[in-house]
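Chain naming follows the written order as A, B, C, D, E, F, G, H, I, J, K, L, M and N, and within any one chain the residues start at number 1.
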Amino acid sequence: MANMTWFVLASTLIAALAMALGVMLPALAMGRSISQALDALARQPEAEQAITRTLFIGLAMIESLAIYVLVIVLIILFRNPLMPYLLK
Amino acid sequence: MANMTWFVLASTLIAALAMALGVMLPALAMGRSISQALDALARQPEAEQAITRTLFIGLAMIESLAIYVLVIVLIILFRNPLMPYLLK
Amino acid sequence: MANMTWFVLASTLIAALAMALGVMLPALAMGRSISQALDALARQPEAEQAITRTLFIGLAMIESLAIYVLVIVLIILFRNPLMPYLLK
Amino acid sequence: MANMTWFVLASTLIAALAMALGVMLPALAMGRSISQALDALARQPEAEQAITRTLFIGLAMIESLAIYVLVIVLIILFRNPLMPYLLK
Amino acid sequence: MANMTWFVLASTLIAALAMALGVMLPALAMGRSISQALDALARQPEAEQAITRTLFIGLAMIESLAIYVLVIVLIILFRNPLMPYLLK
Amino acid sequence: MANMTWFVLASTLIAALAMALGVMLPALAMGRSISQALDALARQPEAEQAITRTLFIGLAMIESLAIYVLVIVLIILFRNPLMPYLLK
Amino acid sequence: MANMTWFVLASTLIAALAMALGVMLPALAMGRSISQALDALARQPEAEQAITRTLFIGLAMIESLAIYVLVIVLIILFRNPLMPYLLK
Amino acid sequence: MANMTWFVLASTLIAALAMALGVMLPALAMGRSISQALDALARQPEAEQAITRTLFIGLAMIESLAIYVLVIVLIILFRNPLMPYLLK
Amino acid sequence: MANMTWFVLASTLIAALAMALGVMLPALAMGRSISQALDALARQPEAEQAITRTLFIGLAMIESLAIYVLVIVLIILFRNPLMPYLLK
Amino acid sequence: MANMTWFVLASTLIAALAMALGVMLPALAMGRSISQALDALARQPEAEQAITRTLFIGLAMIESLAIYVLVIVLIILFRNPLMPYLLK
Amino acid sequence: MANMTWFVLASTLIAALAMALGVMLPALAMGRSISQALDALARQPEAEQAITRTLFIGLAMIESLAIYVLVIVLIILFRNPLMPYLLK
Amino acid sequence: MANMTWFVLASTLIAALAMALGVMLPALAMGRSISQALDALARQPEAEQAITRTLFIGLAMIESLAIYVLVIVLIILFRNPLMPYLLK
Amino acid sequence: MANMTWFVLASTLIAALAMALGVMLPALAMGRSISQALDALARQPEAEQAITRTLFIGLAMIESLAIYVLVIVLIILFRNPLMPYLLK
Amino acid sequence: MANMTWFVLASTLIAALAMALGVMLPALAMGRSISQALDALARQPEAEQAITRTLFIGLAMIESLAIYVLVIVLIILFRNPLMPYLLK
């Protein structure tokens, strides 16, 4: 099998796998934050603004972690900087 | 076995596997958020609006993580950017 | 063994396996949501409507995750977009 | 060994395995819902109707997940859409 | 080794293994439901009828999941629909 | 090694293994039910009859799951329906 | 290596292994039941009779599960019904 | 390597391994029972007799499970009923 | 396969995998911190400033850990210091 | 490699491994019992005698399980009953 | 494949992997400390100074552990003391 | 490779591994006992003597389990009773 | 591949891996101690001195464990006492 | 590869690995003890002396377990008693 074939295969496999693994714990962390925010809302409804503000900043930071993985995956699929070495 | 065969096989396998893995923890996180929302509703029925609003935004953000995986899977199945290198 | 045989075998195996894995955590999440809804009903019977409404929307969103897997599995079994490359 | 033999073997193995895996977490989720329903009944006997109604709808939705697996397993055992490619 | 031998071996192995795996979590779920029912009885003896009724319906639904596995196992041992392809 | 040897070996191994695996979680479930029954007895001694009745029905249902495994194991050891295909 | 050697080896290994696995969770379940019984005795000393009666019946049922494994192990070591096929 | 060598090796390995595995969960179960007994003694010192009686019967039953493993191990090391077939 | 091919393959695989693994526990830690901050807000709304300040410093320190991994991954993908040895 | 070499190697390996595995859970069980005894002492100092008596009997019984493993290990290292078959 | 190639490959792989593994538990530990600090702030706002001082010293010590790993990784990537032996 | 080499290698490996495994759970058990003793001291300072006496006897018994492993490891490293068979 | 190459490779790999593994649980332990110290500060602000003193001694002892690993890793990377045997 | 090379490689690998594994649970145990000591200090500041005395004796005993591993590792690296057999 040619070198290029191996490269395409491996990139495809790892892209899907890394994405699947990479959303796992951010999802869990989001679930935890949201459920705690709902609990906080139920206990202190008048602090709604502070709670939702903190929640959304938090969710954004967790999302950023999943975005790191997405970025690496997209780099690998569309613009792998190591590919020129392979084409030579 | 030809290179193309390997590629088709691997893409098919990883697509199904990644999808199955990728919905796992988002599902768990959703379950957690929903169950906490129900708990909050039972404790503070008059805060229903704030609770359901926060819940739906939260569910949407978790869903977005599962969508990332779905997008990568669909790219692999329908429009793999690395496939032209293989056809050459 | 011919290429087509490998493809049929792998698709059959991964379809069943992915389906089995893919319903696992959605099932758990549903169980959690339902059990919490029952708990909420027992504590606040008069909020029954809000509770069951939230529960059913939640169950639908979790179900949607399992449906993603089902859709990918059915695509693989009935209309795999990569199959034409193999038949050539 | 002929191709057909491999196919029959693999289908038989994965059918039984997927069914066994696929009922695992739905069973757990059912157990959780039922036990919570019993707890709710003990705390709020007069809400029996709402509780059992919610419980049965919930059990049906969890059961539907196990049914998805059963359907895929039966398709594989009795009407595999990929089998014609193999017989050619 | 003849094809038939492989088939008999694999069917025998998977039948026993799937049965053993398939009763695992239903057993756990039953244990959970029963123990909760006993707890409910101790707290609310006068709701005995509603409790045992709900318990038995629940146990039946969990049992049905184990029965699915048993059915697939018996089909594989006694009437495998794929066997004619092998005998040809 | 003759076919029959493989068959005898595999049947012996899987019989013992399946039995050992198959009693695991039923044992745990029984332990859970019994310990809860004892707890219920300590809290509500006058409901002894209802408690022990529910407990014994529950234990019987869990035992039935272990019996399923035992039955499959005994079928494999003494009357395997697939053995005639092997003797031909 | 002769067929008989394989058979003796495999039977010896699986007998010890199955026995070791098979007592694991029954032991845990017993420990749970006994510890709960002791707890119940400390809370309700006057219900001693009902508690110890229930405990001993429960322990006997859990023991029965370990006995199933022991029986299968002894059958394999002393009277394996499949051995005649091997000696022919 | 001669058949007898394999047999001696395998028996030695499995004997030590099975014994080590076989005492694991009985030890845990004993620890649980004893710690609960101590807790019960601290809460209800005057029920000492009933507690220690129940504890010792319980420990004996758990010990019996470890003894089953010990018996099988000693049979394998000193009087393996399958050895005559090997010596022939 | 040439040396360069192996290097490109391995770097691509490990980059995606390390990124996916490396965001896992930071995500969990963030989720925990955020959910606790929300809980703190609900209990002590007037300490909002101290809470959010501490939270953001904490999130930054956790993020720094994920950044370490990202840096190593980017070094490997774009400027691997060991590559010159390979090109010689 | 001669038969005797294999035997010496395997015995040495399994002896150390079995001992290490065999003290694991007894150690945990002891830790649990002791910590519970200390808790009991703190709550009921005047029941010291009953507590320490029960504790020491319990520790002795757990120790006996570790001794079983030690005995089997020493038999294997110093007086393996199966060794004569090997020397013949 | 030349020796140098193996060395470059292995160093690259282990650098990324070790970094990913090495930030895992420090991240968890930080999350725990921060969440506890937030809890402490909510309970005792006037002790803010002592709390944040202790928190930052603690975070620094945990960070130091992650730095150890980073240092080893950077040594391996940029200045491996064992490389001269390889170049000879 | 000569027999003696294998023996030296295997003994060295298993000695270090067994020691590392063998201190694991005793360490955990000690940690548990000590932390409980500290808790007991805080609750009942006047029972210090009984507490520390029980603690030290307990620690000694747990230490004895780790000593068993150390003894077996030292026997293997310095005076392996099976070595004469190898030197012959 | 030359002996020296294997040695350099293995040392590099194990150094990074051991460091990553070796900081894991010390990090967790530190996180636990710090979070408990913060909790203690919140409950008893006036005992700040005793708390921080105990905390820092404790952190130092845990750090010492991580230092052991670091020392062994540095010995392996810079001054392996076994290397002379290899150079001969 | 010469015997000596294998020996040096294996000793180096196991030394680092055993050290890393061997500090894991002692670290956890220390963390537990220290955190409990801090909790005790917060609850009973006047018992500081008894608490810190018990804590330091306990930490020393846990440290001794890690020292056992360190000793075995150093013996293997610097003075392996089995090495003379290899040099002969």
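Some points to look at:
Operating definition for what follows: a residue touches a chain if its C-beta (ideal position, glycine included) is under 8 Å from a C-beta of that chain, and two chains touch if they have at least 3 such contacts.
Fair warning: this is a prediction, and the values are worked out from it, not measured in the lab.
Between the contact lists of chain A and chain E, the overlap is empty.
The minimum number of touch steps separating chain D from chain L is 6.
If you lay the C-alpha trace of chain I over that of chain J, the rotation comes to 130 degrees, to the nearest 5.
As a whole-number value, the distance joining the C-alpha centres of chain L and chain N reads 11 Å. Annotation: 38 Å between the Cα-based centres of chain D and chain I.
If each chain is reduced to the centroid of its CA atoms, chain C and chain F end up 30 Å from each other. Mean C-alpha position of chain G lies 44 Å from that of chain M.
Annotation for chain H: residues touching 2 or more other chains are 7, 11, 15, 17, 19, 21, 24-26, 28, 30-32, 35-37, 39, 41, 43, 55, 59, 66, 73. A ring topology is adopted by the chain contact network, closed into one cycle in which each chain touches exactly two others.
Round the ring, from chain M by way of chain N, the chains line up as M, N, L, J, H, G, F, E, D, C, B, A, I, K. Against chain K, in their complex, chain I makes its touches with residues 3, 6-7, 10-11, 14-15, 17-19, 21-22, 24-26, 28-33, 35-37, 39-41, 43-44, 46-47, 50-51, 54-55, 58-59, 61-62, 64-66, 68-69, 72-73, 75-76, 80-83, 85-86, 88.
The touching residues of chain F, counted against chain G in their complex, run 1-2, 4-5, 7-9, 11-13, 15-17, 19-21, 23-28, 30-32, 34-39, 41-43, 45, 48, 52, 55-56, 59, 63, 66, 70, 73, 77-78.
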